[in-house]
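Please find the structures below.
What follows is chain A paired twice: with chain B in the first complex and chain C in the second.
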Partner chain A sequence: MKIICKKEDLLLGVNTVQRAVSSKSTLPILQSIKMRTENNYLWFEATDLEIGIRCQIPVNVMEEGQVVIPAKLFSEIVRKLPDTEIKIESQDSNINIYYYSSDFVINGYDPEEYPEISDISSSENIEIPATIFKSMIKQTIIACAVEETRPVFTGILLQIEGENINLVSTDTHRLAHSQSVIPGNQKEFKGIIPSKTMQEIYRLLQDDDILYISYNNNRVILKFGSVQIITRLIEGQFPNYKQVIPQTCGTKLLINTKKFLDTVERASLLSRDNYLKTNTVRFNIENSAININQFSETGKINEKIDIDQDGEDVTIAFNAKYIIDVLKVVETENILMESSGSFSPCIFRPEDDDNYLCLVLPLRS
Partner chain B sequence: MNPKIRILDQHCVNQIAAGEVIERPLSVIKELVENSLDALANKVEITVEGRGTSLIRIKDNGIGINPEDLCLAVKPHATSKIGKIEDLDSLNSLGFRGEALASIASVSKLSIVSRTRDQIAATEIRIEGGQVISTSEVGSPAGTTVTVEDLFFNTPARLKFLSSDSTEFGLISDMVGRLALARPDVSFSLRRPNNLIFNTAGLGDLLDGIASVLGNDTARKLIPIEYNEGNLSISGFISPPDFSRSSRQGITFIVNGRVIRSKLLNSALKNGYHTLLPSNMYPTAVINLSLPPAEYDVNVHPAKMEIKFKSERNLSQVLTDTVRKTLLGSRPLTRLSLVSDEQKPYPQIKKSDLPGHVKSNSWEQIRMQYSSKTNYNPKINYSSKTGINSTINDNLIPQQPEANPVIPNEKDDKNSFFQDLRPIGQLFSTYILTTDDKGLYIIDQHAAHERIRYENILDVYRNTKTASQTLLIPEIVELTLQEEQLILAHYEELYNLGFILEHFGERTYFLRGVPILNNLEAPQKMFKLFVDEIINNPIPPSSERLIEKWIFVLACRSAIKANDRLSLLEMEELLMKLGKTNNPYSCPHGRPIIIEISKKELENKFNR
Partner chain C sequence: MKKRFIFHIDVNSAYLSWEASHRLQRGDSLDLRTVPSAIGGDPETRHGIILAKSIPAKKFKIQTGETLYSARNKCPDLLIVSPNYNLYRQCSMALKEVIQEYSPLIQQYSVDEFFLDFTGMEKLLGDPMQTSYLIKDKIKEKLGFTVNIGISSNKLLAKMASELQKPDKVHTLFPEEIPSKMWPLPVEELFGVGRATLRKFRDRGIRTIGDLASENPDDLKRYLKSYGLLLWNYAHGRDNSPVRYNNSIPVKGIGNSTTIPFDVEDESAAHLVLLSLAETVGMRLREDDYCTSLISISLKTKDFFYYSHQKKLHLPTDCTSVIHQIACQLLAELWQGEPIRHLGLRVSELSSNNLFQPSLFEKDIEKQKRIDQAVDTIRLKYGAQSVFRSAFLGSGLKPLSGGVIETEEYPMMSSIL
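This part shows the complex of A and B:
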């Protein structure tokens, strides 16, 4: 392989695929990036066998070929390269990087040994505008489970039924549901996409991109701009989310989002740093106000926010982090909080917007 | 006049735990020695050839057997020790089944020579495979000598099942060692042809016995333990945490003079060392429990090795608490010996194996130190110590690196000790060097801070009720019958921990809430852990114990680390806080916090 390209293009390619490089694998080859030429493009590829990312940059190909190069070293070198024309040339498994009159040689791996990120041969494509999908990811990714005991909860359910698109996530302590419309779509899809993949889509998706989704039984390929992401779907049955969302609530509150967030964050400073780090926050809702009165070894806090209250008084406690998470992704000035009592799930949604809700389960003590 | 031997009636026989009495040579030794002890002997001489199948001889100076009873003694269910099953509730003897001699007689060539004090001559009875061959009068001192030859000669399957000479003999010497520890007032000797393996003085001093059986080094390090309340008393010795071993081999439990095995007591003992010892290490301990015979049942195991206590929970709690109090009161510093001292294997077969090498291990110094606390029988007069002990070979007692053993049980010892410490400086940004002008103490700063944080957090935990995070989608837990019983028995504990369980169907439960412990990644896993822990532990753990793993993590993360630079002021603060903890000597994982190098040791090292 022999190519000439610009440093900034090289950097773009490396940055795009880098997060798919396995960080913990014992297989050294999985900690590397594959580059191959095709016409006058250079393809970057990386995979940890769960997710694969590909992207292409325009280069001047002088000799076709492919190389596999240690990711960490390569990305650091590329970052430090001067802003100039770079020539990359492979000799056996050595990869020479030339700039000005200098060169850097890296020992690569045999490209034949690099796992193939196989394509999905499907002409069926679902098209989604990037802006819609990005904001849906942002609103739902907060409720994904981190621990792996039950894999279905570590992903986000993507469900497309005609013009309706839904993203749902839950770690069983809370559930986030975001929906939207893709005009004209008639295709159907249902699958659980790993949250890591969703994060990458969110990171790489540009606002003016169009996202194309195609799939077979257990894999999905997402294409946008010069990027392709191939991901495994999480196997298992996602719980029926519609069933667990309460239909009626006794108490409806309208709260200023920013004030609410600031208050909960301040209260959480106290409980987060207590010895037990339980990070709980307790709301006393009465007389059109939310009162927070908390103390710990380090201090105490008394706060009161005026709100619009419709319905009964309620005292309810939450993991403060969950409240902060949802308040941070709601962009409307006011947030609607609906409760049916101290021990029942509580619903948060943006004011006048039925497309998003986050259900948070209270604490019992 | 000795008590008459009678055959137990059928009703009584039926109620005695039946099963194999003689499994291997070790069983013969145990049964016969126990007979000698029941016969009030204060000297028991044991001789073993090979692995015990060619010859075992037990000679005692006890009360002997009436000549007219001798034939009866070897019959099944013939005993002088009980008459009816109720007698077990006030049993004072080790034997009660009348089975041992009969069982031994049926699988060996047995000879019993016995003379009571009233008799002029001894009577000998010889039996082969259960058949009486002869009885005759012979000359012999008062007491009983039982000789067992060709053990298992008529049960080849049993023979084949036995291990090598060294394994079988190892088991035997281990057992004799334990029997000797149980009765320091009896002089034991274990011999092979031509050599003495070990002997005990039999002067009633337990520490003396420990020195003989477990070695001087161990004896020097152990700390006395004592409890007396109601009808239960506990006495004996336990090792400080820095003197541990990787197996339970060094632990002996004795209930009213009977050596027993007990999972319950083992784990109660280990619990006493909780956070003082790493979980895979075990202490050395010789623990005597005395309680009324009606409080337990010996009649549960044919070899009488296990007993069932009536109030297991209470007993194990008392033992755990006593051990813990003893340990925390004893200033268990890890001593950095500048002179190497190795732990002896148990049982000990050492120099005295050599023919003609008689030694005694009584160690005057230790005894003086502890004598008031450790007399097995306070009436024993030390000045009567003669005979065997006159051949003390000083060279066998290793030179001691330190001047004194730690003197335990000073109430305010811990506080005043820490108050006197002042930091000198930091070493490698990891250890704090301190002194009280009596020694040099090296403190692991991370371990010390971890201990402080751990106790703080535990304190807060105790005073706060954990909130429970309710779950949107309950976790379905399926339990086995045994698990279900245990879960139900600990329902409240689980609830207080924050687990909300709801019965769903047959042995199926919904887990509807889990403790809110943010740093604990999977509370659901904790539930399974809890269940496992209850199942695997003879003493069910408390909720606190379960939550502990998580507290460990919190404490560890928030503690200062190695390579953190500290000012003198910070070091002083750390020492002050450490002194206030319940256990300033080891971190929550059981690793030492503080290591001592005494002035004496330094002087030795510098040859001053």
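This part shows the complex of A and C:
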């Protein structure tokens, strides 16, 4: 392989695929990036066997070929290269990087040993505008489970039925549901996509991109711009989320999002390291106000915010993190909180927007 | 600082003395303490070791912890009596009652050992030495068994003092007496020196407590880490731990284990044993108002190989059935099918149970919680055996297991003085 390219293009390629490089694999070759030429384009590829990312950049190809190069070292070199024309040439598994009159040689791996990120041969494509999908990911990724004891909860359910698209995530203590419309779509899809993949899509997706999704029964390929992400789907049955969402409520509150967030964040400062090992926050809702009175060994805090209250008074306690997470992704000025008592699931949704909701289970005594 | 007076009160051959005085009170003519005798477990249920021995039995070099078989070889006429834990508990409580009259600050260190902080009490009760003789004689007269009392200015030295010469003695071991009374003793007599440490000391030519005291602490730290430094301080009689009123040490974990009367080879019996342990562990957990986030099991095979395995929970729990279910999962992952001799169950990473985070899509545990609560109430009121799971019927296994005495209020083993 012999190519000439610009430093910034190299850096773009490396940055795009780097998150897919396996961080703790026993196979050293998975800690590397594969580069191969194809019609004056250079393809970057990386995979940890769960997620694979590919991207292409235009280069001047003088000799076709492919190399596999240790990811960490290569990305650091690329970052430190001068802003000039770079020539990369491979000899056996050695990779020479030339710039000005200097050069850097890295020992690579045999490209034949690098696992193939296989394509999905499907003509079925679902097209989704990037802006819609990005905001849906942002709103739902907060509720994914971190522990890997129950794999279905570590991903986001993507459900497409005709023009309707749904993303749902839950860690069993809370549930986030975002829905939208893809005009003109008639295809169907249902699968659980790992949250890591969703994070990468969110990171790499540009607002003016169009996302193309194709799939077979256990994998999905997402294409946008010059990037392709191939991911395994999480096996298992996502629980019936609709049945846990209450349809009625006893108390409806309209709260200023920013004030609410600041208040909860301040109150949670005092509840760290208590016995429960979670940040608890308790709301006393009465007379159109939320009162928070927290104390710990280190001090106490009394907060009061005025709200619009419709319905009964209620006292309810939550893991503060769950509340903070949802308040951070709601972009409207006011947030709607719907409660049916101290022990029932509580729903948060943006004002005047029925497309998103986050359900949080209160703490029980 | 004012001079502290700490007493360590230690029953002489506790189990045996208690059994002997119990028999005398019932009208037996023989005092077990005067003949070679021992308290020993039941070899049938494989608890067949010597638990305590009389002073005449000591002359035959019979040691606590050795098998009944080897003890009988040493002394064919050895009189072996089965243990009676309920009696021991009664004696222990009676002893506590007597001791309580002499200080508000006492610590039950084990079933037969107490610490008593006498500091300041001399104004009320007079000279510590005289009082100690008074306590000793009162116990002998009122309860019928003898104790050793060690007196010093800290708990370590008091404990060392009570070990000096037995039975029925009072010893002092104040700091100025250390070189004459403690340093000539073999190093294994020092509190905290066990088999493993002893081997390391022997390798380095440390034979007496005095040898240890004259070592360079930096050297000790190099091969025994901070524990070396602790032992070196002990060898100099330095210890400043307070006499803790019971349960003032925060609980870090709760565990029970049991040696099974027969080798368990089938899964269902192993599950039953785990259930019997889960019952007691769960009950203790709930009694202390905790939930657990980490469950571990341990098993010893018939060849005395020891394994353990643990699992972190995503939801803290205090439910007997949840604990049991996870213990069974752990067993499935750990057990290769070898005959099991001993099983243990332990819960740790405790958190408060006053708030808990419910889950969607999971079975409602409310009902289970209410069952646990009801069973706990019945057992506390009518005794541990008053209600048990029918799964144990005809199984030959105890429905509750673990712990020598079901409701002991002091740690059976503790490393901090």
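The rule is short, and it goes like this: the second predicted complex is superposed on the first by the 360 of 365 C-alpha atoms of A that agree within 3 Å, B and C clash if a C-alpha of one lies under 4 Å from a C-alpha of the other, contacts with A are read in each partner's own complex, and residues count from 1 in each chain.
The definition used in the following text is that a residue touches a chain if its C-beta (ideal position, glycine included) is under 8 Å from a C-beta of that chain, and two chains touch if they have at least 3 such contacts.
Since the structure is predicted, the reported quantities are computational estimates derived from the model, not experimental observations.
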| Fit or clash - chain C, chain B, common chain A | clash
| request: Examine A:A317 and indicate which partner it touches, taking first as chain B and second as chain C; both and neither are also allowed. | output: both
| message | If we overlay the two complexes on their shared chain A, which of chain B and chain C does A:L363 touch? Say first, second, both or neither. | response | both
| task | Report for A:N279: first if it touches chain B alone, second if chain C alone, otherwise both or neither. | result | first
| task | Check the residue A:E297 against both partner chains and state whether it touches chain B (first), chain C (second), both, or neither. | result | first
| said: Touch test for A:T170: chain B only (first), chain C only (second), both, or neither? | reply: both
| After superposition on the shared chain, which partner residues are touched by A:K24: those of chain B (first), chain C (second), both, or neither? | neither
| request: Please write out, lowest number first, the residues of chain A touched by both chain B and chain C across the two complexes. | output: 147, 149-150, 170, 172-173, 175, 239, 244, 274-278, 280, 317, 319, 343, 345, 359, 361-365
| Which residues of chain A touch chain C in their complex? | 145, 147, 149-150, 170, 172-173, 175, 239, 244, 274-278, 280, 317, 319, 343, 345, 359, 361-365
| query | Touching chain A in the complex: which residues of chain B? | reply | 456-457, 460-461, 464-473, 475, 500, 513, 516-519, 521-522, 524-525, 554
| remark: Per the touch rule, the chain A residues reaching chain B in their complex are 146-147, 149-150, 170, 172-175, 239, 244, 274-280, 297, 317, 319, 321, 343, 345, 359, 361-365
| task | Spell out the residues on chain C that touch chain A in their complex, using ranges where they run on. | result | 293, 312, 314, 351-352, 354-362
